[in-house]
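So the structure is just underneath, and the comments pick up after that.
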């Protein structure tokens, strides 16, 4: 295992300390329990937007804390949902007396820990709503699975929901926007290589030089199937097809196209994928009115990508364009 | 256990021995989770039970409080699916022992029963979903049977450990329907569920610690 | 070789096409000869800031084209300096009748191609100045080398110089600012893994699991020496020591600390390096008044990092803080 | 070359044969550059000479113009260090041949002399710096000697090819002082310089094409 770390036990804490040092003008970091809040929190009358999840997906979520996006993020151990006390302390630190929304990626652990945190916060008199993001079309949403995973759409949901909250909309309206994003967005991912969890010390799976995994999540798990390595254009098709057939977007619809890197893939390659995804979406008659390309929801140093399509409307576009000032996403301020 | 009951100190010894066993089996649990999950079960449980061991160093005032301390420590240190589930297991066990200064086989069985109900309510999984329940439920079943048959406590604990181990092995052919492993679909078959492995260990340690003291 | 590409010959063009599709609101892209200009170019009375270099370092340089930074960027083939006709066409496309500044990384090829382009542009009546960035302390600046390489400082130089040009300062003043940045900044890098140039098809060098290269550049070349793998803290020391001893910063000085990823290194790890670099700089009495952490000057998918220190003053800080609107660096607008 | 001179068509044949040789040796040149550079010399030269071959398909009006077309095509397609250097080589060669419809050994020698001066002026390198000059300068030296000795053109071309090849091999022990390889310091020793290899090939192809026609 080759990593720029000291000891596996210290990765999350030391990284958080570095993050705090580097970005003290944007965020405040608490180490025990671990959470990151925007430096101007709490904001009176504003719904607090709180997210979190296992570490190893950076810049998600800490990189999205700041004006116009998240009020707080709770990082767990690598690939491990954070604990309820983190969310409880975070939500108290951003309590503007207008309630809080938990944005939760759909994993059993995340669901349970956030649920318990919500119970604890409600016991302390706060109004809490939760929205579960489950955009990954690689997984069937059936009785026989834990349901579709929450993957790259999360960053779009956090941006758009954060903008709605910044306008001081009430909790139920903010939650409704977040649900709308979740309903209108779909993702699918693939990997060229595995990643190595520091505590494990070796790759999560072994992928021969001429093979790839299709339908991966963001926790180093293998995908739904292993196939021969393909060209970027074929890969873009393999990801776009299930996304398009699962979502209710028809010719003439506006969409946001998001090509996300898994951590170890250079931007050059993401743009090659974007180029083809853009072509496919256009052939379907979709109008790509907004774009995002970069490694925003990662799986440590995994090489690979995911494609997300979000069906847009005027309100979502306005919220997407609204000013945002976070470490990893910033415009307008 | 000279009186065919489990004392407060034995409960502490059980949890501490389990913490040690988790530490010893950390790599094994991790590798099971690498195969069908995300490779953190060993590290998560070890982090949690190290914190528990710290808290229990000074013993505890009564059984219920010891179990509650364990559950609360797990809740704030483990995270993931394992955190809430094992936390619930111990918190529900604590609730079932409220006011008791020692546990008979019937008490222990009722405690495990309450714990299992808690885990099922929290995780909304059932037997055969390839989770820790597939070790927990057979262990409970064995205890109920032993309890009805009025077996000596030591024998009952041994039987429950065997049943948990058997249940753990029986997860191998299963396709996971809950938790992370369910994303793999049919690729989840052929592996032991990591949570079932850590739960089987819990009953094995109970048999070893409580039946020998 | 596992990459999200179609054919090695098409990597740069297809990536550029994807970039053009994704960012049409910020930039215009010309394919033959290849260059990227900000969408509102040319701006009357403004010095054009033009940079460029081999591809494979993304987001450098194309990701830094836009208001407040570069007017144009010229991408060459992977790790290959662009050709003079690219620079000539680019500089014409951004000609605001106030001359242009070429920001050139110190490599023989870049120097020669930009020199020839400057000659051609001057023949067409334009005023051209060039500043050569050479911040890499891994290389001795002696008669027996091609001089110190230009590495991560380039992005700081482009940002600060771009801000000066945006204020419509004259060409000589803009060039002077750029030279000041170059004089006051130093960098040093290391690699945990090699990278693979698409046309080569295999890694540039083989690094055993327990070794790393210290003193690398950004073209997949091996470093100055190969040593045993060390902890992040020791690595930070190995990079900071030569940077600090080469630059004339003394206790009490303000600095910008930039931890740059080589492409394949997760943010988590960069922050662990940042944490230690911050500690070392502070121990030296330096005041870290600005920070940058991320993969901005990369070497394809190489795992590794570099550390850059730039000695600041009030003017540089003001220019650093000035609004910038590019694909990869954005604030204030 | 029946008249002991090189014709316009032979110049085209030389450049086209070199383009083919570069294509054939692309991997070799790349691997030399992987060892002490950035692995692009083969691809760069191939891209450039494919463009040249395209431009020369319809032949050319005179020797100087053919060489100039070659130099200009290289300038806008090769990039890197190789682009300006090989472009300069051909542009300076073109300048030396201005107005000539065929080249004697003396003309050819003068042409290579002008080309070498151009490359030295452009790259500011000298003999022994471990660059293409370490093939180019020995080849020029051999031509000058052959020219003084009034050797037949074919023999002179052969001698210059041998000298270039020898010079290329002699780059192996050198520590690079110019170009990318210089960053490696002592690690650059032990390898052939890629530019010296492509230049040696240029003289080899001259000997093969021009001495046999």
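For clarity, chains are labelled A, B, C and D in written order, and residue numbers in each chain start from 1.
Convention: a contact is a pair of C-beta atoms (placed from the backbone, for glycine too) under 8 Å apart; a residue touches a chain by one contact, two chains touch by 3 or more.
Remember, predicted model here, so these are calculated numbers, not experimental data.
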Chains touching both chain B and chain C: A
Gap in Å, rounded to a whole number, between the CA centres of chain D and chain C: 33
Centre-of-Cα separation between chain D and chain A, whole angstrom: 55
Distance from chain D to chain B - Cα centre to Cα centre, in angstrom: 76
Two or more partner chains touched - positions in chain D: none
Pairwise touch network: line, ring, star, complete, or other: line
Every chain pair meeting the contact rule: A-B, A-C, C-D
Touch list for chain D against partner chain C, complex: 30-31, 34, 36-40, 42-44, 47, 75-85, 122-123, 175, 177-180, 182-185, 187
Complex contact set, residues of chain C against chain A: 1-7, 11-12, 14-19, 21-23, 55-56, 58-59, 63, 192-193, 209, 212, 229, 231-233, 235, 257, 259, 263-276, 278, 288, 291, 293, 298, 300-301, 303-305, 325, 330-333
Touching residues (chain side chain C, partner chain D) in the complex: 8, 33, 54, 76-85, 107-109, 112-113, 115-116, 138-140, 143-146, 149, 197, 199-200, 204-205, 217, 219-222, 224
